[in-house]
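Letters A, B, C and D mark the chains in the order given here, with residues in each chain numbered from 1 onward.
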Amino acid sequence: MLDKKGIAKRIAQELQDGWYVNLGIGIPTLIANYIPDGMNVEFQSENGILGMGPFPFEGEEDADYINAGKQTVTIKPGGSIFDSATSFAMIRGQHIQLTVLGAMEVAENGDIANWKIPGRMVKGMGGAMDLVASADNIIVAMMHTNKRGASKLLKRCSLPLTGVACVKKVVTNMAVLDIEGGAFILRERAPGVSVEDIQNATDGKLIIEGDVPEMSI
Amino acid sequence: MLDKKGIAKRIAQELQDGWYVNLGIGIPTLIANYIPDGMNVEFQSENGILGMGPFPFEGEEDADYINAGKQTVTIKPGGSIFDSATSFAMIRGQHIQLTVLGAMEVAENGDIANWKIPGRMVKGMGGAMDLVASADNIIVAMMHTNKRGASKLLKRCSLPLTGVACVKKVVTNMAVLDIEGGAFILRERAPGVSVEDIQNATDGKLIIEGDVPEMSI
Amino acid sequence: MNKTVKDAASAIQGIKDNMTIMLGGFGLCGIPENCIAELVKAGVKGLTCISNNAGVDEFGLGLLLQQKQIKKMISSYVGENDEFERQMLSGELEVDLIPQGSLASRCQAGGAGVPAFYTPAGFGTEVAHGKEVRYFNGKPHILESALTADFAIVKAWKGDPYGNLIYKGTARNFNPLMAMAGKITIAEVEQLVEPGELDPNFVHTPGIFIQRIFQGDKFEKRIEQRTVRSST
Amino acid sequence: MNKTVKDAASAIQGIKDNMTIMLGGFGLCGIPENCIAELVKAGVKGLTCISNNAGVDEFGLGLLLQQKQIKKMISSYVGENDEFERQMLSGELEVDLIPQGSLASRCQAGGAGVPAFYTPAGFGTEVAHGKEVRYFNGKPHILESALTADFAIVKAWKGDPYGNLIYKGTARNFNPLMAMAGKITIAEVEQLVEPGELDPNFVHTPGIFIQRIFQGDKFEKRIEQRTVRSST
């Protein structure tokens, strides 16, 4: 079973040289720590910054430089600043090669829900609906089950949707799965996790083809 | 009868302090020479410049600073440069208080034609269609009749239209006319021009109310 | 062309009960602090506020929420404000949540005289309710309309009397878009400089979009998530 | 992330017969001279060119027209080019003339993933033929669609290896919009500077939109209408 860092590490393996990447809040943010050596990847944050560097050193925070999670950040040489419309032009116009975000639920057809629990949580969708509706390449990073142990990989989402049939890959603490033809295709198992464990934790249609290798992270 | 400079001078009287103004090629361009003393008016050119100053001194021309007529220009302190989309955002979004442009024909309902003579002249509309479709306040500056002596103020335009029912005022070498209720309302006569002269030179419906004063320019 | 007004109090003249106002900023970054404080003081009520976020409980738009001056919020993310959540769940506050990119583009469209456009964002979700769906290149899109406001209030780093503005860092965000979409747009700036001091080639918001400008008294520039790395 | 290529010849690799290309510039101001010269040399044919203008007879896109390399022009104003007019009237050249603001917004939409939008420009004219008409606030608008291209070629003043660009003066014009709308976008710059030399806050085109960049050999920067005042 992976921890959050492990999920981030596994997703970092999906990065390719020269990619522009938008990372959501939570587990996705951790991915920036695991970029393979020598690989050039630039991070975009939808509030209007490209080429985000590490967090500032203590005392060097600048209220005018934040990311979409409202965290203080730095900008690297070669970075740029732009307004919100240009930022979403990058996103909607598919100039970003990879979007990684968290989810509350993912369905076997690629639907995703991550912005609202009716009557309980009304934070708003932020940029998530633009991101999932636009990106060709979306990876969801999340725990396989919720706090009550119920599967987050479902036949149909029960919560209000963020996007329709848009998720192509899910990386959880238990597995790597592709979404194709209305089903989760099991690609890899987390260390120490059996195919049966994954089956038990997956409500949506799960396809298992041949031997499912264990991840190497 | 006015010459082209006279037309420009008369239109300059329509300017108001604090206005942003877009001037078309030809007679409209001359208006910049007749801004009343002490009045602040800023000129926008749709290729992406606001706060245009006078032409540069000989030897100071810069190929990177032109107006929409492709003439070399200067920019005044307080001016700004922007891309073509922002420029037309100013125009379409009605941030410009006055547009002055030339025309080949104007109709009594405010239609204007100034971009094409089928089979003969195919220069294109440039920014004219955006300008006339958007501006609240459009003045046409033109000669009252064409080279063959035919009226350019018509019942209906014979040439392909640039815009529909958009012209509110026409200033010619003979008269100042408002367009209201499907007719040209004669407001002022050019010096030495009689109401009958104007009637004879106007094909569209012309309304004459009371004494028509002579322009003071 | 001098658009300078004395202070925030003069700048907000004419903002009346039940008007629609746009406010720049992302979280607490790049928000017009001085005008918000002045709106609290003025006690204007029944406002419809278009702003990406709703501040936090004791800063930004949260101050207007506490005084119940806001009737309706049009936002994309409001997760940092308990009072907001309380008013929304109790039905005291109307809320229209819209995707962030659509919010940005709708303001831009409003300023640019484009009444509506199609976007893929929100198709198949609550956001699409009652909106036209149309397919382009086989992909579903929804029709979104332009947003404008009686007043837009933006915050910039530097400005000049013509209204030309330069923003700093990610405090830019929605400010240049909303600056275009106000019938009257107010700019509060950290530094009001002389005409000619701003390079025309690097102006972010051309002065034509601004009707009033003033130098703010004080900018607290509160940080929501102070995140640092330890020096090594 | 180094997007630098050696020269114009390397930059235009992959531009093939019958492709659609966008070219920045207004008149001869801000046109990608080096790539145009190289396209003439390469002899690629049947091009659809999206450009506000079509150059003059012996410069800019006029050079491609003379070699009959252009099948179709999508432009707003083509008044300075006799060869253009001849080819158009004789039917050798297809021409789609569109309002300048619509051209700008259609390129911007193409780059921004907005497939279509409504504009008042062109309602009731030839431009509206076959296009949907819809009323917003009682005013007629027509539906215009996004433009994209196999290649966009832009010209900037300064650029860095990341593809970040800064334009100078009115040479900016369509360049930033077309930069966003190319599947592959080539930037030719007067000065290629080191990463970090361009202030991130004043970059006009963020590097993400650029795939190839090079410093042009020579920029003639021809002036179409040299207009001066006499010194007094």
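Keep this in mind: a contact is a pair of C-beta atoms (placed from the backbone, for glycine too) under 8 Å apart; a residue touches a chain by one contact, two chains touch by 3 or more.
Here the structure is a predicted model, which is why all the values come from computation and not from measurement.
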Write down the chain pair with more C-beta contact pairs when B-C is set against B-D. B-D
Taking each chain's centre as the mean of its CA atoms, which one is most distant from subunit C? B
Distance between the centres, which are taken as Cα means, of subunit C and subunit B, whole angstrom: 36
Taking each chain's mean CA coordinate, subunit A and subunit C are separated, in whole Å, by 28
Expressed in whole Å, how far the mean CA point of subunit C lies from that of subunit D is 32
Subunit B: which residues touch two or more other chains? 75, 81-82, 85, 88, 91-92, 134
Where subunit D touches two or more other chains at once, by residue number: 105, 108, 112-114, 119-120, 168-169, 201
Identify every two-chain combination in which the chains touch. A-C, A-D, B-C, B-D, C-D
State the interface residues of subunit A toward subunit C in the complex, per the touch definition above. 45-49, 54-73, 75, 81-85, 87-88, 91-92, 111, 116, 119, 122-130, 133-134, 160-165
Partner subunit B, residues of subunit D touching it in the complex: 26-30, 52, 75-80, 85, 88-89, 95, 97-105, 107-108, 119-127, 140, 157, 168-177, 204, 221-231
Give the list of subunit D residues in touch with subunit C in this complex. 105, 109, 112-120, 134, 136-137, 139, 141, 145, 166-169, 201-202
Going by the contact rule set out above, which residues of subunit B touch subunit C in the complex? 18, 20, 40, 42, 44, 50-51, 75, 77-82, 85-86, 88-96, 134
Subunit C - residues contacting subunit B, complex: 1, 108, 110-114, 160-162, 164, 180, 195-196, 200-201, 203, 206-209
